[in-house]
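First the structure, which I've put down as structure tokens, then a few questions once you've had a look.
Order as written gives the chain letters A, B, C and D; numbering starts at 1 within each chain.
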Amino acid sequence: MHSMTVDLTVPRASISAAAATALLDGAEAKARSLGMTIAIAVVDESGVLKAFRRMDGAALVAVGASQKKALCAVGFGLATGKPWHDFIKDDPILASGAHELPDFILLGGGVPIRVGGALVGAVGVSGGHYAQDEACALAGLAALGLP
Amino acid sequence: MHSMTVDLTVPRASISAAAATALLDGAEAKARSLGMTIAIAVVDESGVLKAFRRMDGAALVAVGASQKKALCAVGFGLATGKPWHDFIKDDPILASGAHELPDFILLGGGVPIRVGGALVGAVGVSGGHYAQDEACALAGLAALGLP
Amino acid sequence: MHSMTVDLTVPRASISAAAATALLDGAEAKARSLGMTIAIAVVDESGVLKAFRRMDGAALVAVGASQKKALCAVGFGLATGKPWHDFIKDDPILASGAHELPDFILLGGGVPIRVGGALVGAVGVSGGHYAQDEACALAGLAALGLP
Amino acid sequence: MHSMTVDLTVPRASISAAAATALLDGAEAKARSLGMTIAIAVVDESGVLKAFRRMDGAALVAVGASQKKALCAVGFGLATGKPWHDFIKDDPILASGAHELPDFILLGGGVPIRVGGALVGAVGVSGGHYAQDEACALAGLAALGLP
């Protein structure tokens, strides 16, 4: 008798709601310390919205921008911003092609969330200069004890 | 000589981020007491997303449904669900017309947020039967001391 | 010293590519035995497309219908078709509300994929009468040893 | 007496489901040999999805990118990537115009499928650098005995 064994599933880890809320709190605290008002979006490993907060006074554009940054970061598994810019700036095909993908945004402030090597979600921040947005996103990760 | 004075602005009141977070907490606590997992969306008086949370294990459809319920509730200034159903059920033109509006959803769980008579936002809950969803939404309002 | 422990992630199981391909094969074999030509879509636990096949001669509408049925089945965690119809037919609010959700489709042929109690994806079939579509979807699950 | 004869139809050749599956297998085998995880989309001569597979672990962005590359390749009858870049790089009107078309993407990895001179479909691959993606797409064609 012969048999075939196929794994029916692959395991995934997804950011928990508790962690997502703690991440929002950490990013917001950083924004306050910088005198900024931001929107913060957390998506899960599949790009589905997990948590969102818009601080009072945050720019309207930040609502969509924060979500797009998070989606880009989890979609590629890469932070938006300078590393992406350096990666594509001398490759015109890649630079052009990336911008044609609907979930792509170069602007800093989107950061993947990795736990134990697994991509479990991403955070996106918008509201100030992209360098400040990124600082807030990283402060959110730091609140989870993540680098 | 005649003169006219025009007010350049109209005042608005909008749900605060602190209140939106408290509302999420109140709705989530109710869901836990009912053994449910839900998604909760809070939009401001202009229908723009203010706060969102998806509990671990909530159905995928709840992500979009919660937002649509909140949008419908603030758009019409009416709770989704039974009052709407009773209002339109014997008026075929209204019943038909309402369904043609992209932000309309009859399903209960979307509730306007009124403070001092002003419509300042809305909450939408999805994850269980619409009667349960509505109970969670109302628990969220109760956490703000609102009826 | 005090410390707080929050689980940063929740585990998920997602249909594997090997299982998704076997599912396509099983559904296609059933369609051949019925003299049908169908499209078959498999989505993962988050509704993201995992595998798709359109048999030669399958109706054009089946391309979108199969994907929508799969998305509905995983979004609600319920098979499309008769159980849904029975559930909503006497509840006008639920019947109306469900149809307002963009990922909802009553038509049979969408079936959740559960492994060990976890919702790991869904399959959607379109091409014939919905009862035949459902038979093909279930044949796909049977090819994985699932009920 | 004069008469005119008009052909009521024009013949088309379209990639078969069997060929599309063999193409997926060939592209996946190449990806495995390169240590990559990719998504592969095959569209027919009309741009309609024919077959799709997302390998376990492939980036989320690859789901949409693979389909867009295939659509671009069949839409223009040209491979995405370097030939396109060389074609448009010194023609600013063409370069600008191409990017305005919703199905355009410069990024390599989309390749038309031609059989006996006829454009019968296209394949799109995403998951790694575009040069690797293109290599996988060509390996898929090679599995069909096509150049």
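The criterion applied here is as follows: a contact is a pair of C-beta atoms (placed from the backbone, for glycine too) under 8 Å apart; a residue touches a chain by one contact, two chains touch by 3 or more.
Worth saying up front: this structure is predicted, and the values here are computed from it rather than measured.
J.: Going by C-alpha centroids, which chain is farthest from chain B? Tell me that one.
T.: D
J.: Give me the superposition rotation angle from chain A to chain D, based on Cα atoms, as a multiple of 5 degrees.
T.: Angle of the fitting rotation, chain A to chain D: 90 degrees.
J.: How many Å are there between the centre of chain A and the centre of chain C, using C-alpha atoms for each centre?
T.: Computed value for the inter-centroid distance: 29 Å.
J.: Report, in whole Å, the distance between the mean C-alpha point of chain B and the mean C-alpha point of chain D.
T.: For chain B versus chain D, the centre distance works out to 44 Å.
J.: Where in chain B do residues touch two or more of the other chains?
T.: In chain B, 56, 60 touch at least two other chains.
J.: Could you tell me which shape the graph of touching chains takes: line, ring, star, complete or other?
T.: It is other, because the touches fit no line, ring, star or complete pattern.
J.: Could you please write down every pair of chains that are in touch?
T.: Here the touching chain pairs work out to A-B, A-C, A-D, B-C, C-D.
J.: Show me the residue ranges of chain C that touch chain D in the complex, using the header's touch definition.
T.: Where chain C meets chain D, its residues are 16-17, 20-21, 44, 48-56, 60, 63.
J.: What part of chain A is in contact with chain C in the complex they form?
T.: Residues 6-16, 18-19, 22, 44-48, 115, 118, 120, 144, 146 of chain A touch chain C in their complex.
J.: Looking at the complex, which residues from chain D come into contact with chain A?
T.: Residues 56-57, 59-61, 64-65, 68, 80-82, 85, 89, 99, 104-108, 129-130.
J.: Per the contact definition, I'd like the list of chain C residues that touch chain B in the complex.
T.: The touching residues are 10, 46-47, 72, 74-77, 92-94, 96-104.
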